[in-house]
Amino acid sequence: MIEILEHGAVRELRLARPPANALSPELIKALSAALAAAAREARAEPGLPASPERPAALVLSGAPGMFSAGLDVPHLLTLDRSGIHDMWHHFYGLLRALAASPLPVVAAITGHSPAGGAVLALYCDLRIMADGDFRIGLNEVRVGLPMPPVIFAAVRRLVGSGPAERLCVGGALMPPTAALRVGLIDEVVPQDQVVERAVAAAAELAALPRTAMDYTRRLARADLVKLFDATGAEVEAMLDAWFTAETQATMRALVERLARKRGAA
Amino acid sequence: MIEILEHGAVRELRLARPPANALSPELIKALSAALAAAAREARAEPGLPASPERPAALVLSGAPGMFSAGLDVPHLLTLDRSGIHDMWHHFYGLLRALAASPLPVVAAITGHSPAGGAVLALYCDLRIMADGDFRIGLNEVRVGLPMPPVIFAAVRRLVGSGPAERLCVGGALMPPTAALRVGLIDEVVPQDQVVERAVAAAAELAALPRTAMDYTRRLARADLVKLFDATGAEVEAMLDAWFTAETQATMRALVERLARKRGAA
Amino acid sequence: MIEILEHGAVRELRLARPPANALSPELIKALSAALAAAAREARAEPGLPASPERPAALVLSGAPGMFSAGLDVPHLLTLDRSGIHDMWHHFYGLLRALAASPLPVVAAITGHSPAGGAVLALYCDLRIMADGDFRIGLNEVRVGLPMPPVIFAAVRRLVGSGPAERLCVGGALMPPTAALRVGLIDEVVPQDQVVERAVAAAAELAALPRTAMDYTRRLARADLVKLFDATGAEVEAMLDAWFTAETQATMRALVERLARKRGAA
């Protein structure tokens, strides 16, 4: 579900769960494992110079035209409370692993990136998105899901309180240029260059004086990591919300709409 | 002093105190009462779908060309300490009611919006302003008034610390495009469409899955509401400032300048 | 090392340490002394109107084409731990004096402004930069220096958490237009007008109702001043970092590169 591609000191983790890189419990765990492996290998030989075998920075990419459609709602609708609990637990663990990654992670947003797709990118170091008829946004509310506080706080950290309120309450999906203007992403490049550009940006970070860069990264991201200090009660609240009539009905309507669209296509 | 106009699920509260919608103690109380009434009616029949009779979102509008000129300084200059105390008390109560409104409020900034006019808009969910030769800004300092901390914090929340310092210390009034650029407002539309656009934006918020939207709104606006936790001492400080020689002289000079301008027109 | 130029109520403090206004311990102390003198004189005759003899606002400027190259690394490399300790102690004192200045300070960024040059401007009230082929940025990491927390927090306050992370971790130097877009500076004007424009902006601040402006400035800048409450441990950490092999090697390589460049020119 994760393809590993090495570009010198930069390791690309490519989401590979067709057709939409929907975040199933398995994909969430696979990405967490890939991040942990990269961190382990990076620390393997302290004191040695960077080498192609040891990653010094990461790129998180998706498929051309589709970074990730977010949580795999059709699948999740088949799970009981215990299954959903596990999913949220592992999803929060993945977000924390991105926030606290000892290696810089550049998101190569290769296409659509709604809800959970956008959320993954929030916790990376940089967000580079493909130009084109793609949408990105925090549309959780439109799917019937209240925005989890740990995710809202990450949006606020990135774009400020006023814009975060608008983005998360209204739940708009927007084109790359609008996302760039509001600060949800950092750069827009032609679609066929988005991975290449992300690899270059990651390589540039990897080439900086390591101790100074590490210290400054930890300093700048400490607030992001700290968000995860007390998320136990939050996961329970998300669970309660998940099984309300409104949320279930809105998610089922969404799944039916998507199924009809696929049938019509 | 407040005209009520119903647009389906959206209720428009239109400031109607000619010529400038200056915020007198009476207008402040009337707007507070209208907000409270809308909140009461919205809660009247829990569980029922939205209906034209029950507002699900609000629009706060003014007169064409003049949203609100801010506090009614000529009138306030005739009040003693007790009268000014009551005014600040009720004004803070109004701002808190906007911040904590259970219904989303979209500001339709139909024209000029200096000082107190801009302040009302700060506490709304969205700010849509009429294009044209209008000015908006936090020019309290230019009127001789120190910026109240609870208002400064709301500006900072909306535009960030750096821009908030510039806007509030310098006290510049600016055209809609500049206000949009700095994030003081969210959208600029032709003057004859500003109410219509605000009603549409409010209707869009009203149509979102209600529980998810309510939760996310409360989460996103909790910091704004919290600002009002301890404003007793602040009101006293504003009172002291109000009766200093500098503030009184600056306000009187302003009132004379406005009177001469009207005489000349 | 500091030229004093009086422009009515505005006093210009012009950095005058050729060729690059590099911040040596002496220049740091001279600028601190000039700020303290201006604050003393401003307070000398309370109650009297502003006069050309008593400064009411300050401009901090540099040489045409070079605001300040930042810390004087070649000189600092000759100092021992005690010398570097004194330098950091005095540099933090200077930054705090700018943050807490009772007089507004407008930075006239007359040209290049990397690292320590940009840092001085962060703590001013406004930043007006010369248009042209100049660079500004927080490139400490590229010089091998971890970003001091008190400086990172000032960047974050000015541009927000997301942009601050990018600017400080990546350490990019950027042209004035890019710095304006991210909010690191407030205005870009033709090079031959930068001091004149800064003086006009300072005069405008000086002409505001004084009590209201002072109160609002203190309110808006309280967070910036508060950053310095506990920087003792921070100075020790910066000292440790300064003498690591990585930092020393990176700084020496920089100095050699600059020397070669000068030799080639």
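Letters are used for the chains, namely A, B and C, taken in the order the chains are written, and counting of residues starts over at 1 for each.
By our rule, a contact is a pair of C-beta atoms (placed from the backbone, for glycine too) under 8 Å apart; a residue touches a chain by one contact, two chains touch by 3 or more.
Quick caveat, the model's predicted, so the values are computed rather than measured.
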| item | value |
| --- | --- |
| Fraction-based call for chain B against chain A, same above half, different below | different |
| Turning angle required so that chain A lies on chain C, C-alpha fit (0 to 180°, nearest 5) | 120 |
| Averaged-CA centre spacing for the pair chain B and chain A, given as whole angstrom | 37 |
| Residue numbers of chain C (touch at least two other chains) | 160 |
| For the chain A and chain C complex, residues of the former touching the latter | 104, 125-126, 157-160, 183, 186, 204-205, 208-213, 215-217, 219-221, 223 |
| Complex contact set, residues of chain C against chain A | 140-147, 149, 152, 156, 160-166, 168-171, 241, 244, 246-247, 250 |
